[in-house]
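Per-chain numbering from 1; labels A, B, C and D assigned in written order.
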Amino acid sequence: MDAKHLIARRVARELEPGMLVNLGIGLPSLVATYVPAEMGIYFQAENGVIGLGARPPEGMEDPDLTDAGGGFVTAVPGAASIDSAMSFGLIRGGHLDVTVLGGLQVDMKGHLANWKVPGRMVPGMGGAMDLVSGARQVIVAMQHAARGSSKIVRECTLPLTAMRRVDVVVTELAVLHPREDGLHLSERAPGVSLDQILSATEADLIVPETLPEMALG
Amino acid sequence: MKQALKPAAAAELVPDGAVVMIGGFMGVGSPHRIIDALVARGARDLTVIANDTARPGHGIGKLVSAGAVKRLVTSHIGLNPETQAGMISGGIDVELVPQGTLVERIRAGGVGLGGVLTATGLGTEVEDGKQIVEVRGKRFLLEEPLHADVALICAQRADYLGNLEYSLTAHNFNPIMAMAADTVIAEAHVIVPLGVIPPDAVKTPGALVDHVLERAS
Amino acid sequence: MDAKHLIARRVARELEPGMLVNLGIGLPSLVATYVPAEMGIYFQAENGVIGLGARPPEGMEDPDLTDAGGGFVTAVPGAASIDSAMSFGLIRGGHLDVTVLGGLQVDMKGHLANWKVPGRMVPGMGGAMDLVSGARQVIVAMQHAARGSSKIVRECTLPLTAMRRVDVVVTELAVLHPREDGLHLSERAPGVSLDQILSATEADLIVPETLPEMALG
Amino acid sequence: MKQALKPAAAAELVPDGAVVMIGGFMGVGSPHRIIDALVARGARDLTVIANDTARPGHGIGKLVSAGAVKRLVTSHIGLNPETQAGMISGGIDVELVPQGTLVERIRAGGVGLGGVLTATGLGTEVEDGKQIVEVRGKRFLLEEPLHADVALICAQRADYLGNLEYSLTAHNFNPIMAMAADTVIAEAHVIVPLGVIPPDAVKTPGALVDHVLERAS
């Protein structure tokens, strides 16, 4: 299994039946693949639908039904169309159970940076700041390092997305839980050792006595 | 009853230098025929308020490619390298706004509120230079209302009064922008007689719409 | 013609084709009777409909379609259902062309009091404060006196509805226009003399050289 | 999927002393069966947030008649002399709020905003004791958000997920209150299978609704 699919599969296990969940574009969108339909989880796309489904049959795409990345999607029975005010009302008002986002950096305070690399990448924050400020639970799904540098850092050097401490970070090496006292290492990926994680991580981690392996379901 | 407006006449209602809200999310639900007419007119120095600028040569991206945009208030330009290049070179003055804040600022302008009090952006770059208001001991950013000279919106169906109905993820910013401009011009995929859109299906009352674009040929 | 119908008929002449108009309950609601359908005026009821019509045929009343007073109404073709947030968004946002309200007192500054008689009548302001603050034009339709006292007073002794100066006051004796410099007497009712008006009025009035009679159409 | 809730079970979810939002405008669009169950349960010391208290013995008026209401946040009590008597005697603590402010305060509570900045009420009794915020040189009242323990709302149709559709003037406060409470209980005239209410007709997504009352017998 490649890194992205491993991460998506592990994130899927964080979701509970009946939850309302927003998946960011890119890696986070893979999570839906690993969520059984019978769990009754509803996916929101912030561009305006609750009850996002998989890709439509070829030739039956509706140009008025896409996900937040602009890709064609379907809507499941019981879906609802919402405008942007309602969409972000749900997010900001605490009605969204979980948001899964990509990240550029997460630091020891659990702060996330994921919207800007000054001078190099200025995509804009889109819905990320509202999602991180407003969702009940924030899960960061990202690869552990980029261009050879750890993305789990002592302190974010990139502009923050919000002051809110994220709840869970899932990488292809580990599961981390930022808490008041620092970054707790909770699980290691199958076949990955503690030393591998520590040497790939810039931040200090709080390590438990026994480190369980990720359950991937 | 509205008189059907020709695209060229719609473009004439958007003078150079105007502040223009344009509906759509990555081109989905954007008023493409009005945008084409604006490009054909050679519009200049527009301030565009919109969720994003889509891609080069698509939707609002066409206005960027044509050099019609002087200032941009938006949440995301990540998929339009031309807008990013314009921002970096200084050719386009870009104000990046969190998506949920953007839609509430437009709503506030439309429904006569003095501003938006939100926690989104606190402790980030978005906070810079803004008034902080404390309510019951919690801090909020005061984000100012947005109002436009003209709103260009797109609907699934319009009736002769300008009552509008939207489809799936093509709602997005359209119903909100319809409240926030001096002049509102609506483009619709289909135009139907009075009574075909039942009262409960109307999402933008015709009283808010000044002009309906003539049917697509 | 009795006083109330005279007032309603005169108020109706203030309305222009295509306007969006809110009529208060009681006397103001009579105005609709004097507005020809072909004027294309749309009536909003703040409880949630644009395109309010007359009473329905007996036995065909819909319990889910009433005016703000709770009386059964119809909806005209092209009507739109709106929730309370949209309804007051239209009002507060300046989208309502005219509001016609009853009054307890209007004073020389053009201030209106119409929602409370301390210790005796505490109905609550309902939508009156939003209507007077937000509508483009505020018309007060009321009888000139109550219990023998002038309702056109030097200064309101009852709690104000808003700080905004109302635009027109129509009574069964006169039409008044509050302006920066005071209360202008503009018209007298048929068969009513200037002296009758002055003696029935507590406030000072600014009287024109010639005082035209109300045109009732 | 929701389990259908019996009226008595709904009443149990509203404990004595709870803060309860109740939809409706003069009884139109109020959840009458839930109100009856609350009265039957002998509910006490409720704080009720609602547009009005209808008439004695009707809609929310039944709760007033039954002595279930300790505190009331409302815009209009003019047609319920029992509420007025309770206010004057001090038996019910009544906070009168302009209707447009009331609905925006509820919305702010529902969509996670820190408050409402409105010009409505400036210079009147409504201003007393409130924070004034200046934006671009204009003064606005800061009105605080409202949130409830339980919202009791009424819809035309519900599906098994709790997606709701409303009819004509029975929308009023219902869709807004559905966002602003910890627990949302919806009563509907008709309950239909998933997919019968198309996505574009859903005005309250099921994700906001915790319980659907069983069908009327």
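As a convention for this text, a contact is a pair of C-beta atoms (placed from the backbone, for glycine too) under 8 Å apart; a residue touches a chain by one contact, two chains touch by 3 or more.
None of the values given here were measured: they were computed from a predicted structure.
Visitor: With chain centres defined as mean CA positions, report which chain is farthest from chain C.
Guide: Following the centroid criterion, the farthest chain would be A.
Visitor: Could you tell me the distance, in whole angstrom, between the mean C-alpha positions of chain B and chain C?
Guide: 35
Visitor: How many angstrom lie between the CA centroids of chain A and chain C, rounded to a whole number?
Guide: Averaging C-alpha atoms per chain gives centres 55 Å apart.
Visitor: So the centre of each chain is just the mean of its C-alpha atoms; given that, what is the distance between chain B and chain D in Å?
Guide: Taking the mean C-alpha position of each chain, the two centres sit 32 Å apart.
Visitor: Listing for chain C: what residues touch at least two other chains?
Guide: Chain C, residues with two or more chain partners: 49, 75, 81-82, 85, 88, 91-92, 134.
Visitor: Counting only residues that touch at least two other chains, what does the list for chain D look like?
Guide: If we look for residues of chain D contacting two or more partner chains, we find 104, 107, 111-113, 118-119, 156, 166-168, 199-200.
Visitor: Is the chain-to-chain touch network here best called a line, a ring, a star, complete, or other?
Guide: other
Visitor: Every touching chain pair, please?
Guide: So, checking each combination of chains, I get A-B, A-D, B-C, B-D, C-D as the touching pairs.
Visitor: For the complex, give me every residue of chain C touching chain D.
Guide: So the residues of chain C in touch with chain D come to 45-49, 62-70, 75, 81-85, 88, 91-92, 116, 119, 122-130, 133-134, 159-163.
Visitor: Once bound in the complex, which stretches of chain D touch chain B?
Guide: Residues of chain D touching chain B: 104, 108, 111-119, 131, 133, 135-136, 138, 140, 142, 144-145, 156, 165-168, 199-201.
Visitor: Which positions of chain D touch chain A when the two form their complex?
Guide: 1, 107, 109-113, 159-161, 163, 179-180, 194-195, 199-200, 202, 205-208
Visitor: Using the touch definition up top, name the residues of chain D that touch chain C in the complex.
Guide: 25-29, 51-52, 74-79, 84, 87-88, 96, 98-101, 103-104, 107, 118-126, 156, 166-176, 203
Visitor: With touch defined as at the start, can you tell me which chain A residues reach chain D in the complex?
Guide: It is residues 20, 40, 42, 44, 49-51, 75, 77-82, 85-86, 88-95, 134 of chain A that touch chain D.
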